[in-house]
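Across the two complexes that follow, chain A remains constant while its partner is chain B and subsequently chain C.
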Partner chain A sequence: MSEIKLENVSYVYSEDTPYEKRALTDVTATIKSGAITGIIGHTGSGKSTLVQMLNGLTRPMSGRVLLDGKDIWEDPKKISDVRFRVGLVMQYPEYQLFDETIRADIAFGPKNMGLDKEEIERRVLEAADFAGVDREWLDKSPFDLSGGQKRRAAIAGIIAMRPEILVLDEPAAGLDPAGRKNIMEGLCAYRDKTGSSVVIVSHSMEDMAQYCDDIIVISDGRVIAQGKKEEVFSQSDLLRSVGLDIPQITLVMRLLADNGINVNTGVYTVEDAVNEIYKLI
Partner chain B sequence: MKNIALGQYYPTGSVIHRADPRMKLILAVLFIVCTFLCKNIYSFGAILLASVLLVLVSRIPLKTVLRSIRALLFIMIFTLVINVFMTKGEVLLFEWKFIHIYREGIVNACFMLVRIFALIIGTSILLTYTTTPIALTDAIESLLSPLKKIKLPIHEFAMMMTIALRFIPTLMEETEKIMAAQKARGADFTNGSLIKRAKALIPILIPLFVSAFRRADELSVAMECRCYHGGEGRTSMRVLKYRASDFLLFLAFAALCAGLIALNLLKTPFAL
Partner chain C sequence: MENEVFIKAENLSYAYEEDDGTPQKAVLRGVSLEIKKGEYVAILGHNGSGKSTFAKLLNMILVPDSGRLWVAGHELTSETFDEKELLEVRRKIGMVFQNPDNQLVATVVEEDVAFGPENIGVPSKEIRERVDKALETVGMTEYARHSPDRLSGGQKQRVAIAGIIAMMPECMVLDEATAMLDPVGRREVMDTVDRLRAEKGITVLNITHHMNEAVRADRVIVINDGKIYMDGTPDQVFARAKELEAVGLEVPQCTALIDALREKGVRIEGKSTTPEACADLLTRFLKKS
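The block that comes next holds the complex of A and B.
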């Protein structure tokens, strides 16, 4: 499907004022086609700024954003085409619902794409399934749903555009464990069914380790590591130095190995760890 | 966005920044009066000098100050043209068909320019660049507090101002976020007919109002929880206090005033 490349992208907020803030410095990164890519970094490291580059919501001050090798800012008038191809769910999207019913709200994107009625209806139902939106909620007003339910509806609103690259800024923040799992699995299902790439920003190393293929680590607006999750999580000292950590279960395995027990340390889920430990017995 | 949060506040830590906001408010009024006191080339020269001095003392970069002047460029040019062509005087410099330009016209135009320039510099250096909107609200509340005696709700008025100032940037930020989110779903706010663009605003206004009401609700609950009950007997975290340097500043301005009146007495053909 599609691949995004960032080439030496920089961004500064409030340039030329006393409040100037460098948010991104010379970022070069690749989002591989068909992969689930995780972006991690501590608070204020520039993750949200970075993902807003991917669909052209913010324009880099220098550097280029390439979608399938083509600069997305080559023709700024056509930027909305890019936004349909790269769907972005912003941080805390539940505050952005506006229509009378959830159904109409999810249909907002497809409608802007100029699709016909049946196609829109089909996509709304499909997106609702991926995002875990109950069919019963569809005809309710957004104000009658809980925060977590609204979050799902907002995610469905982007999935309904069937983007080739689905980008989510902290989709599971503030949800209970079951809700997190449900959303993450929905995203995996979306990737598996459509072959689209998925980009997830998250603070949960556990989720990242479990669901992602690739990881990009940013700190202070710079990419300090990227690649397969195994490579990135093997650099625990680097991660610690920027205020992050490796998943707890990996840490447990690492400690076991350090104490002379022969286990595989490249383990990211509790089930895998259990299996590893069974092997010892 | 931050610009609106702090108005145009530009921190440099100068004497003027540290002065009491009430004093700055009084001085700004005094400075405005000064600009209107000027009558001849000497006093206008003095007020020009005083303005430049203010900029230097405040240590605000010239570039920033000039930006606020540029905003009023049109008014300045308009005043210039009106004065040059419309003033009748004795010394005719130029005549062509119905256009007469007198020396007095040119002189008047220059004076008016200096006056507008000094007005902008005086108010922006004394107030907008060196005082945060919140400090200004405190100052207004303090200066108007005698009016509480005749039952005017000064404290409530100041509280409303403070809350509004506090939430303007928050709402701006929210608007920006919501717009970004709807743009990500292909909303188009710039193209199309007027009706189409007005319709495109609905997806922004609804979430914005909802969140504004939610915030208002939360804020009122939070204030109740901390037993807020209006101005009676309330003290403030930021206590305003005049210091010696405030009075020195005041003396300087009073001297300027007196100086201008004295300069007005000097005889010169270049006078209003």
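The block that comes next holds the complex of A and C.
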């Protein structure tokens, strides 16, 4: 499917004013095809600016964004094509629902793509399933749904465009554990069934460690680590120095190793930890 | 003083209304509980369980449909409860909400912290003292003259907390106050809460989705479907993993690890809700076997 490369991308807010803020500095990163990539970083590190680069919502001041090797800004008039291929779900997307019914809201993207009625309906149902939107809600008004339900409907609206790369900025923030799990598993299913790439920004190290293949770490607008999650989460001192952490379960394994127990500390899920410790008994 | 009741609820119910005034399904359905002065209580529940609604009843942002409620010796549901008492109750309960950007009002940190005490007519010399002390407690003294918009999320929440401390409340309610923060921001806020409790013995209610925060409280109350579903120490509540999962919650990863080992027939004794406790427990067990 598709791969995105950022090459020496920089961005400055309010340039040449007293409020100038360097959001991204010389960022080079790869979002691999078919992978689930997590982006982690402290608040204000530039994560949101970075994801807005991926679908051309924000244009780099210098550097290039390459979608399958092609600069997305080569012809700025064609940037809307990029937005159909790279779907971006922003933070708290539930505030962006606007149509009379959930069905109409999810159908908005596919309609704009010029798809026929049947295909739109097919896409709506498919997206609803991936995002955990109950089919019974489809004819309801967004006002009649809870916050968590609206969040899923908003995610479905982007999935309905069947993006080759699905980008989500904190999709599970503020949700209860069951709601988080439901959304994260839906995103994995979307990747597994369509082969699309998924990019997730999150503050939950536990979720990132469980669901992602690759991790990009950014701090003060710079990429300070990227690679397989195993490589990234093995650098706990680096992560802590930039306001992040390692998953709780990984910390347990490290404490065990510190106590002289011979365990593999490269463990990121409860399931793997159970197996690892069971071997020692 | 030790065992003085600070919050008492008797059979509280509340339903939000439709635009035309007809009541929706009740979000609180007969909640009764007592919280003692100085207690640190975590309140858990899935989205829509009624936990935030409960918090909003405590300082009368919302008024219960039925039941009785006492806060700091005032009965909020009494016929004679008046505006003067309401102000007093609001002074005694400080609330910290989810979005740090919605809570700061001034353009300079120390002015923001002074906003509350100014509004309740504290003499200006005393305001100065209160602001300095509050900023010191949350570890933000060096940012006193900074603009809040340049702060990180965790720092903003600490300023919001300082604004509340400067009102000298008896109780602080955190309503998902760490939901938008990064791991270090979360830790900063939770450490600040610990410090407040140690220094001022303040009563704390932390409404949260983070199980790792809930284990730091003395007591955990789980609300489900508008009713109290569990009430106990973190150890007691997190020992009931299946029941928690049934209502959309989970146990901390450390607890899940020990539970899973037991399920595989490993005879390991003891409780574990934090990484340190979990590692100790496992170390002792592994070295013995």
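One rule holds in what follows: the second predicted complex is superposed on the first by the 281 of 281 C-alpha atoms of A that agree within 3 Å, B and C clash if a C-alpha of one lies under 4 Å from a C-alpha of the other, contacts with A are read in each partner's own complex, and residues count from 1 in each chain.
Here is the rule we use: contacts are C-beta pairs under 8 Å (C-beta built on N, C-alpha and C of every residue); 3 or more make two chains touch, one makes a residue touch a chain.
Fair warning: this is a prediction, and the values are worked out from it, not measured in the lab.
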Partners on chain A (chain B, chain C) - clash or fit: fit
Partner chain(s) touched by A:L256 [first = chain B, second = chain C, both, neither]: second
First (chain B), second (chain C), both or neither touched by A:L66: neither
Touching partner for A:T43 - first (chain B), second (chain C), both, neither: second
Touching partner for A:Q96 - first (chain B), second (chain C), both, neither: first
Touched partner set for A:L125, first chain B, second chain C, both or neither: neither
First (chain B), second (chain C), both or neither touched by A:G243: second
Contacts of A:I158 with chain B and chain C, given as first, second, both or neither: first
Per-residue contact with chain A, leading partner among chain C and chain B: C
Overlay on chain A, chain C to chain B nearest C-alpha distance, Å: 6
Intersection of chain A interface sets (partners chain B, chain C): none
Residues of chain A defined as touching chain C within the complex: 41-44, 146-148, 173-179, 203, 205-206, 240, 243-245, 247-249, 251-252, 255-256, 258-261, 270-271, 273-274, 277-278, 280-281
Residues of chain A touching chain B in the complex: 14, 17-19, 52, 55, 57, 80, 83-84, 87-90, 93, 95-99, 108-109, 112-113, 143, 157-158, 161
Interface residues, chain B side, partner chain A - complex: 1-3, 10-11, 174, 177-178, 180-188, 202-204, 206-207, 210-211
Parts of chain C lying in touch with chain A, wherever the complex brings them together: 45-48, 98, 152-154, 176, 179-186, 209, 211-212, 245, 248-250, 252-254, 256-257, 260-261, 264, 266, 275-276, 278-279, 282-283, 286-287, 289
